[in-house]
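Chain nomenclature is as follows: A, B, C, D, E and F, assigned in order of appearance, with residue numbering initiated at 1 for each chain independently.
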Amino acid sequence: MTLYVINPNSSQGVTDGLKKALSPLEALGHPIRCLMLNEGPPGIETQAHIDSVIQPTLQLTRTLDDATGFVIACFSDPGVKDIRAETALPVLGIREAAISSALTLGNRFGIIAIRQGSIPRHLAAVDAMGLSDRLAADRALELGVTELADETRTLQRLLSTARHLRDEDGADVVILGCAGMAQYRARVEAATGLPTIDPTQAATAMALGRIFLRQSHKPEVNHA
Amino acid sequence: MTLYVINPNSSQGVTDGLKKALSPLEALGHPIRCLMLNEGPPGIETQAHIDSVIQPTLQLTRTLDDATGFVIACFSDPGVKDIRAETALPVLGIREAAISSALTLGNRFGIIAIRQGSIPRHLAAVDAMGLSDRLAADRALELGVTELADETRTLQRLLSTARHLRDEDGADVVILGCAGMAQYRARVEAATGLPTIDPTQAATAMALGRIFLRQSHKPEVNHA
Amino acid sequence: MTLYVINPNSSQGVTDGLKKALSPLEALGHPIRCLMLNEGPPGIETQAHIDSVIQPTLQLTRTLDDATGFVIACFSDPGVKDIRAETALPVLGIREAAISSALTLGNRFGIIAIRQGSIPRHLAAVDAMGLSDRLAADRALELGVTELADETRTLQRLLSTARHLRDEDGADVVILGCAGMAQYRARVEAATGLPTIDPTQAATAMALGRIFLRQSHKPEVNHA
Amino acid sequence: MTLYVINPNSSQGVTDGLKKALSPLEALGHPIRCLMLNEGPPGIETQAHIDSVIQPTLQLTRTLDDATGFVIACFSDPGVKDIRAETALPVLGIREAAISSALTLGNRFGIIAIRQGSIPRHLAAVDAMGLSDRLAADRALELGVTELADETRTLQRLLSTARHLRDEDGADVVILGCAGMAQYRARVEAATGLPTIDPTQAATAMALGRIFLRQSHKPEVNHA
Amino acid sequence: MTLYVINPNSSQGVTDGLKKALSPLEALGHPIRCLMLNEGPPGIETQAHIDSVIQPTLQLTRTLDDATGFVIACFSDPGVKDIRAETALPVLGIREAAISSALTLGNRFGIIAIRQGSIPRHLAAVDAMGLSDRLAADRALELGVTELADETRTLQRLLSTARHLRDEDGADVVILGCAGMAQYRARVEAATGLPTIDPTQAATAMALGRIFLRQSHKPEVNHA
Amino acid sequence: MTLYVINPNSSQGVTDGLKKALSPLEALGHPIRCLMLNEGPPGIETQAHIDSVIQPTLQLTRTLDDATGFVIACFSDPGVKDIRAETALPVLGIREAAISSALTLGNRFGIIAIRQGSIPRHLAAVDAMGLSDRLAADRALELGVTELADETRTLQRLLSTARHLRDEDGADVVILGCAGMAQYRARVEAATGLPTIDPTQAATAMALGRIFLRQSHKPEVNHA
């Protein structure tokens, strides 16, 4: 029996990063497997990308017969509602899991987006959770693909953005608004003193808890 | 190393119930120990009770040198802020954990209180989380001590209250608003089809995730 | 040049109903054409249905070269964000248009859903618009397919639901939460005295206004 | 039959500007007539001005026997509630219409006020619509009467304010918070890429839609 | 020097009732004088009534040279903003004062309206204060003029409405939504156990506090 | 009979300041007595401090037999809920009183905190009152103990913070977020033109009003 963490893009690098980010949770003794969506785009950057992966992600989950649960490892939570409609197994989107985790780590959470263009989607999701009053701000790294490949450059920008969220926007918790940033989490925390959430870690821990507690979004009704 | 689940009242029955409720999480391999507060009241029913246990609970946590984290198993979250101020270990109140868990299990959560008198405190806590728009309603069982001792009677009332939350108030998730109701969770789910949250289970699973992920509300700053 | 009103399901009856509902707007002199999605399901009732029509709807809009704007005539607003990402022409979802129209017709709007199962989606959408405080309630007709075919039965249920929204929930505006109910609008108004919104009419009027005003969600930047 | 757009101040220049701003809507074939309130102040800048025009505006509407609807072209919506209490014809205030239109053009709207002193009134109105979470910010041009007469100066200030709303406050839609700014709308859009709403245009388009759809805030009850 | 409590309607009975309601505050030693607006309507029941009294009320305040502050004793707060714009003396509307007082007497306040037709205005005011999440419900007595003259009948209806607010709507504070109900306050409290606010008493006490504390909404700037 | 204003810290200087701040209210003729908590910390700066004073404050109130009401003069409102649970006399916390007073003095209130570390507590309290949309910002003086002893330095920082709240954050009311700042209130008002609230003055005036009006949070039920 396996908890599947699905990266809906086709980047092997991101998928390997997920695997590494989740290694501390392997100690819990439940198999976790990270998959990627081969037909997905290399990265999920637009609304069209998001919607284009919903159907294939849904298809993929249908084939995973030994699944005990699913984590959709994209900060846009593509297909989460669809998969939930089909299964009673725990299904978690990393954005909703990160945001709900943030509520018990501080008063005001800040989100670090990769691109400015994702922010309206993030705001709509925060509004939809009824949590806009808890959001300090959502700020973008605004780094190009090549810059993102440069780890020093990316870290530098992550730190300056996290400090801005803390000092100007009043954030006391930071959410890394992307599936591929776990490797920086500890360094952001050490540099800012702010609890920093990697959304895939948060969602996977939450999914494991639900598996062990048999906590389903759709419990079976006993007509007896 | 141990995760301590502290029942701030002095009821052995409640404490034994917690132990039983958490047994599914023992499979995760991390020691969990349920303690009770000997100097606490038999039950925590008033604001005065709540505040009277804050200092002793805080004292108790100071003596638990092998702690990896703390769960305060009272739906009023007494002392959670105080303990967090003193330690960087995960500290979770069961009310805040239950409410944040509910956000990913449905749109509108309903809370089942034991007593009418607790509802204003619950509402204030939901407001303080910025989540009043997500609350369907908070309804009380209104059972006396002797009735609560009668399991059939209590279950009956739990089911009618949960159905009311579902059918009249529009709740699609139920939170058991008390530490001592875990034994009824599966039956409420089977009878209503609504995901039902035992707050101590939710908080303990969350605490374990944080321990494994080293997710602290107060990460150490690296001045190097 | 034509404003296209797209019914993402494959029901000819609904599509004919849209055409009739929009006839009062033909007087404005701008061509309006109602299309349906042949590959769509007969009705859109589940999250899976919703997501299954996004791609085909998007495809369809790409083929409509003489379009001056698009109205997506399904109360789940499928694909609206995607189409907006591709075009600067006005694109309106009927749900968002109905809800924003309701704000200037009263203080508290009530929504009449066809099925109970749609209500959580409606609530999430209202939350996402930041308007949960303006919502009086969302109530379902709970009629089966055959009953919906019975106009007398449907009207009767619509009226009792609208009266409940008015008298119990405090609604002073009613939104028909479905694309296929326009024929009942005048009768609901005459029976209840409440302004009643047919979402497709509201969205189409809004789209025409934007076409004439050249009001785009994505105006062209003049780099001159 | 005529839709009356009433400028509650006595500035001929503003009234002429309204007429020009609405010319694109004449193509819809419904007569639109812009009137001004001769007894009104030259400009409406204070709460006292606002309330002083309510009665005369109400009086004026009573004399317009061929009216099919009314638009009150002052961003403080003076008398809108009063007129609605007297007639079943569509009555729209330009502020409420602009704000409700903004909801379908972006996530966060910014308002450009002429004077700092109007901002508290705007905020109260946004709060009253339940939309404070959708407001990015409200910023004033702070230009004196003579500066406002200087079109280049005014445009320059409009653009810098719109850019500030976009870049610092996160607005993705702009509302021109005054009846007399339509002439700048296209230039603000071209310079910023943000959808920009002229409130009188928005309200008049909305009023026309209601006239054609016979959408009243007070439908007649059929006691038959 | 005198604090003026202005009843904007022309009912001597209501004015006498105000005088009586405020007698406990005479012990504070500051002169309080209740005036009525002779040109006002006998009762203020519609939006038109409300706006019709704004100018005369404003005029009246201008003539009261020995004023130390003003209370506008109508639950629609007519003219409050206008008077504040003209004077730095304390100016309080009874509705806003009652609602802000309720915040420190309980979690959820209920409002008792005289007429159903006033409720949308009350809701808009509560929304405008940003307090819709604190409102339990607003319910009307729905008594005709003659019934209101019958004290027994009115009390009976007040008690049943207050009990409904408490038991069905979850209110733990009651606001009498009218200037003329003070005589019933003690009886509503004794019958329900709920803190019950007479808005004129609340506003007058608040005004006196501001007079003694020299707390102005518009303090003088010292340019020295 | 006496209204007791309790300073839960053990600073004589602060207690003397309270006495002075309240002298304008002595004119109301009701005895007011300021006490301090000898066993309290010299200042209340942490959550642990807050909770450590709850029990002793509660004890102290039990000994004050001639009390007509209580004001808890610490901006964290420690023990307010507990004392209310024990008595029907008016009990006011200075934070809640200041915030509810601010609602009728402007649209957006700003809070001046002494220390950055208090801001999360303030935000949680504002959220709990459902008022986060009315808060402009909460900014800290960030002065050390010695600097706070320097009145010129403190005033200077208060003024710059108040101006920042006004000019950058849009506050039109200022709350001094501490019990010991009353001596600066008039100077902040004179320098900024913003209504400025000393929380102890606001709470004490409110308490006096309740004493004279016999307005209790827990009225006696008449079972006759």
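For the reader, a short list of remarks on this structure follows.
In this section, contacts are C-beta pairs under 8 Å (C-beta built on N, C-alpha and C of every residue); 3 or more make two chains touch, one makes a residue touch a chain.
Worth saying up front: this structure is predicted, and the values here are computed from it rather than measured.
Two chain pairs, C-D and B-C, are weighed by contacting C-beta pairs, with C-D ahead.
Seen from the C-alpha centroid of chain A, the farthest chain centroid is that of E. Separating the centre of chain D from that of chain F, both taken as means of CA atoms, is a distance of 42 Å. With centres taken as mean Cα positions, chain E sits 32 Å from chain D. In chain A, the positions touching at least two other chains are 106, 124, 127, 129-130, 132-134.
The set of touching chain pairs reads A-B, A-C, A-D, A-F, B-C, B-E, B-F, C-D, C-E, D-E, D-F, E-F, using the touch definition from the header.
Considering their complex, residues 119-120, 123-124, 127, 132-133, 137-138 of chain C touch chain B. By the touch rule above, chain A contacts chain F in their complex via residues 106-108, 133-134, 170, 172. For chain E in complex with chain D, the residues that touch the partner chain are 46-48, 51-52, 54-55, 58, 79, 81-82, 84-86, 124-125, 127-130, 132.
Contacts from chain D toward chain C in the complex involve residues 24-25, 27-29, 92-93, 96-97, 99-101, 103-106, 129-131, 133-134, 186, 189-197, 201-202, 205-206, 208-210, 212-222.
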